[in-house]
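Letters are used for the chains, namely A, B, C, D and E, taken in the order the chains are written, and counting of residues starts over at 1 for each.
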């Protein structure tokens, strides 16, 4: 039995954690889920560290929705740096699922994007844990989460 | 009995530490408070590390008021990075309560904001320590500290 | 028998991992290859850490193709920082092979560049592992991977 | 007997280390001083690490004068990040006393600023070591080092 | 007998490693030199870590020539951050000798600058190892490597 950690925030304007949990449960079995909700996305790195080391999670999904201001971009950068550091300290994958408020043109699209990106990364987490060969088959395919895939480069030979 | 660490600065132009301590005492019992005041906000990461490892704090609140200049933004970034690193090294939450001088339109609003953000994060610290399920109930609700909540995204289904 | 790790992504729009593996096999023998494919390039640092510590790789090649936006540049910066940190924690070289989408004028050139840079760095990995004196002979020669070498500075004596 | 480390550079255009040492000796007793001078300010983090771990310093003061160019700002950022990291690794305060060349309008003011900031932070170091309650009494008072204090925010109640 | 590590790159357009080695040999005795050449300057941090921990170097000189583009500046920043981190992990000085291509007005000046900066930092490395008091005598003197010294601030008393 594997353990998947879900770390999310009260700052986000959409319940991305619920989307990820729902999608994981649709995708497969053989795991249990532990969730930790923190105030803001800068609290996510240590939340994941605790999920991994105190709750024995085998992988984490860190979900957040940074605001549109310059200051928010810097905070997101700090959180990302911490999430990478946390992974290096624990030898454990943490999938960062950040949706920037200014990625969407209105609130409906923002909700759609937050839901979809959380769901697609939930499947990525499942794949990393249970079927990594599925990722290798898609190496270099230009996959994206939330919006349309970019696809592989068109070559003229 | 839990221990809550308060780290603040002589650089800040409002006694945010006092606000946090007052709010903690209004919120609940079952903890003691240890305070460490340092000159500037770049001294906060090690102050928290010492609160956690030498004073056995179970959680910290780091309060500061960076100035409005570009150089201040960079210093705040360095302090934030250090606070995240400190959390990863200690598996302990540190709530960063930074109020940027240029977030407020005048000194009265700045004082109001500093007081309110310190108080709301004091409650977050209490929740993380004593009632984390309260945070999970608010996941994705668009909560903010100091100013009005952004609220959840309005969806049209 | 040495082990070479290949870490790549489903985000990239060209199968750079396949190019690196093909070139390694053309260059020499005495090694086996282990491959790990992850969703995005921010997942590469921990992927390499696991290749080194769990799969016993003696060197890694981390291949990715960041997009052209400002946000992509920041993500690439975070991934690079993590890759350097990973090397310091493991005393193991990881050659970063990043091709930025905006380095090429069209998709055909992008594919060419991705293929060539992966191949030339595959040879660098081989050299670091089996014939480091070849690199020292080229010290200060202005070598580049993918595009034309810059060459040494022309001096007027 | 406590030990105070002084780390400074040959790059700085004012002997800030001498100012700090002079002020420490005017402020109190019960400590000895160890000094390490390095070429540039990026050499300060490891200089402090060695002062702390090899010379058993209980606190350090790191003094430097970054130049006015964009490149100098980036170098100062790297040095600051390293100083914070060093503090976290050693649980020891390092007071960063950086004077940026463009903070002053001419060389006379630059010398004045370098001297004053070094002296005021020397007192901060003494306080952290021998009388921390003095800092807590000044929490939120808007203190500055070198130039005039900003003072606490004026509130209208 | 001390050991001095020289880490340089095939990316640089001038053989700065050779200049540093030549100058060290002119400056004194009592040391041996170990050299490690890597492809690019982002490979320098781990190269130095290996020189220190596997080749037992007592100090390192890391030489590189970043290009003139914005992307090169970011890469140099990442390498610098890694070099500082490496020093903190090993308690060993690494002198960073980076010459940015756009510091010189033409290729002849670039070669001159690369040669001179490598030589002057080679002497700094020798001083740190064998005669640190020479650096302290020059504290605050505004020394520069490669171009003319800035000199100490002129004071009017």
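Following the convention adopted for this analysis, a residue touches a chain if its C-beta (ideal position, glycine included) is under 8 Å from a C-beta of that chain, and two chains touch if they have at least 3 such contacts.
Quick caveat, the model's predicted, so the values are computed rather than measured.
K.L.:
On C-alpha atoms only, rotate chain A onto chain C and read off the angle in steps of 5 degrees.
P.N.:
Best-fit rotation on C-alpha atoms: 70 degrees.
K.L.:
Since chain C and chain E are copies that touch, is their contact same (over half of the numbers shared) or different (under half)?
P.N.:
Homomeric contact, different residues on each side for the most part.
K.L.:
Roughly how far is chain B from chain E, going centre to centre by Cα mean, in whole Å?
P.N.:
41
K.L.:
Taking each residue of chain C in turn, which ones touch at least two of the other chains?
P.N.:
Residue numbers touching two or more other chains: 81, 85.
K.L.:
Treating touching as the only link between chains, describe the layout with one word: line, ring, star, complete or other.
P.N.:
It is a ring, because the chains touch in a row that closes back on itself.
K.L.:
Can you trace the ring for me, chain A first, then chain B, and on through the rest?
P.N.:
Moving around the ring in the direction of chain B from chain A, the order is A, B, D, E, C.
K.L.:
Write out the stretch or stretches of chain D touching chain B in their complex.
P.N.:
On the chain D side, the touching residues are 73, 77, 80-81, 83-85, 87-88, 91-96, 100, 121, 124, 128, 132, 135-136, 138-145, 150-156.
K.L.:
Quick check on the complex: what are the chain C residues that touch chain A?
P.N.:
Its residues touching chain A are 8-18, 35-39, 42-43, 45-47, 49-50, 53-54, 67, 71, 74-75, 78-79, 81-82, 85-86, 89, 107-108, 110-111, 114.
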